[in-house]
Amino acid sequence: MLYKADTLVTEFKGRKVLNLTDFVIERKQIYALIGANGAGKTTLLNILAFLVQPTSGNLQFCGRDVSCRRKDLLDLRRRVVLVDQYPILFTGSVWKNVEFGLKVRGISKKQRERRADEVLELVGMQEFRSADAHKLSGGESKRVAMARALAIAPEVLLCDEPTANVDEENQKIILDILERINRENQTSIVMSTHYLSQIRRLAHHTLMLEHGMLVNAYRSSPL
Amino acid sequence: MKICMNALLGAFLLMVTFAGYGWSEDKVLKMSTTTSTQSSGLLDILLPEFKKDSGIRIKVIAKGTGAAIRDGKDGNVDVIFVHAKDRETAFVADGFGTARFPVMHNDFVLLGPTGDPAGIKGKKDVAMALGKIAKAKEMFISRGDDSGTHTKEQALWAASGVDLTEVSQTIVKKGKESKVTLKRPADSDTWYVSIGQGMGKVITYADEKQAYTLADRGTYIKYKFGRNPAIELDVLSEGDVSLANPYGIIPVNPKKHPHVQYEMAMEFVDWITGERGQKLIADYRLEGKQLFYPDSK
Amino acid sequence: MDIFLDSLESAFLLLLACDPELMDIVAVSLKVSTISTLIASLVGIPCGFLIAYSSFYGKRLLLTCLNTLLALPTVVIGLLVYSFISRRGLFGSLELLYTQKAIIIGQVILIIPLVTSLTIAAVSRIDKRYRNTALTLGATQIQMALVIIKEARYGIGAAVIASFGRVIAEVGISMMLGGNARGFTRTMTTAMALEYDKGEFVLAVALGLTLMTIAFGINMLFHFFQGRAGIDAL
């Protein structure tokens, strides 16, 4: 079991935005998170990325309670990565962005170069290597953000609407990448989405949120 | 919006006008003087008495002598009351003032730390004393602000036989190039400190640094006996003829500046050089010590 | 108007001749202001960052205090520092009064609130997602801070420039703590005050024009370094 939560409550300005009971996520699977806007999908992804602390309740990761000590949080965060719906790229070149996660882990320059080139190729952005990150289109930014996340070879990839605001061509590229890293690297993936076609194509599990509560969970077999 | 702005502006102008009426009710004479005159406290005795006798209120603008004379030249004031005799004479000769009337005098004193590292204590000959300070390279604080005291100090250095150097800057005045020149002892960068501030500030500075300086007696007495904690500086040289510090009063010439209040200025001149003013000056005591000696016959 | 034209010509004349007196004054001003700004930035930028990125009890009060300190008159700081470093003060034995160090102490106190509050403003403007992105990619708190500071660099740069402008233009602290000693602590502003006291308006205004030229030059330099990215950010 990757994540396990029981009576996990998150409040924002006194309002319950998330209230989970019996919540489980298994390893090496692709989970689709569905629900109306404001159902709590983004909050849940932030909690799973250890960026937001739940107000109360207990969350387990790999069978151990998630502590909120700063040092432990850093170690936990380094095993998962979240790609935002509208990802932020840092000022600088595409390459600088992609190597960020490796640099903060103190990986040598030579290895960073190799790894960054690998993932840029994976997302098909190698010719943008030295382009200014802030000059890319929405779809290109999303692919760079994906490469940046994949560079650190995470155990868990969390994606907030990976294909929102992306043209069809880029949508296909992104979905292919997700499928591939799940198959080849056994990376666990949790993604929120509005598209049934994506769920049918990728998801092993579908979780449905409504008003912060898990109302439905079912297994499916990807095509 | 525009109407609103106009109304506001109108109201503001109205206020200024009324306020102006309020001020012009009494007769006001503008006088520029030196900081040392004002800080001696003498004016606080003289001016209320003059107001009682004549109904004229005097607005005092206290600056360094250079600036005080400048105010007279520009017609910013009606009368000047300063202590730099040569420059006062020039002021009258250039037609800016009608005449110089001697009012009173006091004297300058050479101050230094009690330890007296230059060994000038009791030397009446101030030129010689300055020579010893220069030779010992003991720190000396100079007004350096073109004031009466600074003018006097430069003259004393000239008389001391110490090599002097001239610092001059070329500037443009009335479209013509002119030079601003200051004299200071030669090769004195390490010990001669020119701070360009008023007398009180120079005395505090010298006290902080335990250095020598030239001061007028009035300000010295104030800082030595009228202040707690008192400065730790002593009079080391005094009484030399060259240390005399005469004060003169000069009405600004109405031929140069027709708007000046010459009549009122003369009224004040007559009063201060007359029996009443002169007696008040002679009777003035600061911390129990006489400060000024009347000069008018 | 005459005074202004004369001053303009005088300023040119003095600058062209590299008048040693003027050069010395300008050098002292630049040296003191630069060191003050540097020290205040080293303290104020991390402080501003910490305040902006942490939530604690009394944060609003602290911000109000900081904003009040922005209005602190130089004379008050001058008096305060004076009372400590005067010969009779607590640190009198250090003989700091009337030295460039004394001016720097006062000026640093003057602009730390300015650097801090402008840094807070600059950092707060940076999208919160930069913070989360850095953290999810595995950055430590310090690495995350460096990312934010890099993203906020124009705002922080502007804070530093504004602080420099404040100290190079202030006269109260330089006069009270520096003492306007020729060749030691005479700065452009104290020299101006002196020339005004002497009635040498032409020289005073000429110095003022020099000061403005320097300020203009520094701002140009800043804009040059900001480059195209800076214009985009506007």
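Lettered A, B and C in written order, each chain numbered from 1.
Just so we're on the same page, contacts are C-beta pairs under 8 Å (C-beta built on N, C-alpha and C of every residue); 3 or more make two chains touch, one makes a residue touch a chain.
The structure presented is a predicted model; accordingly, all values stated were derived computationally and were not measured.
Trainee: Report which of A-C and B-C is connected by more C-beta pairs in contact.
Mentor: B-C
Trainee: Please identify the chain with the largest separation between its CA centroid and the CA centroid of subunit C.
Mentor: Looking at centroid distances, A is the chain farthest away.
Trainee: Which chain is the middle one, judged by CA centres?
Mentor: C
Trainee: Between subunit A and subunit B, what's the gap in Å when you average each chain's C-alpha atoms?
Mentor: So the centroids are 79 Å from each other.
Trainee: What's the distance between the Cα centroids of subunit A and subunit C, rounded to whole Å?
Mentor: Taking the mean C-alpha position of each chain, the two centres sit 45 Å apart.
Trainee: Using mean CA coordinates as chain centres, what's the gap between subunit B and subunit C in Å?
Mentor: Computed from C-alpha means, the inter-chain centre distance equals 35 Å.
Trainee: Spell out the part of subunit A that touches subunit C in their complex, as residue ranges.
Mentor: Going through subunit A, the ones touching subunit C are 46, 49, 51, 70, 74, 77-78, 80-82, 84, 86-88, 90-91, 100-101, 104-105, 134, 148-149, 152.
Trainee: Under the stated contact criterion, what part of subunit C meets subunit A in this complex?
Mentor: 127, 129-130, 132-141, 143, 147, 150-151, 229, 232
Trainee: Flag every residue of subunit C that touches subunit B in the complex, lowest number first.
Mentor: 2, 5-7, 9-10, 13-14, 17, 19, 21-22, 86-88, 97-98, 175, 179-184, 186, 190-191, 194, 196-203, 206
Trainee: Which positions of subunit B touch subunit C when the two form their complex?
Mentor: By the definition above, subunit B touches subunit C via 63-64, 66-71, 144-147, 167, 169-175, 177, 180, 189, 193-198, 201, 205, 207-210, 229.
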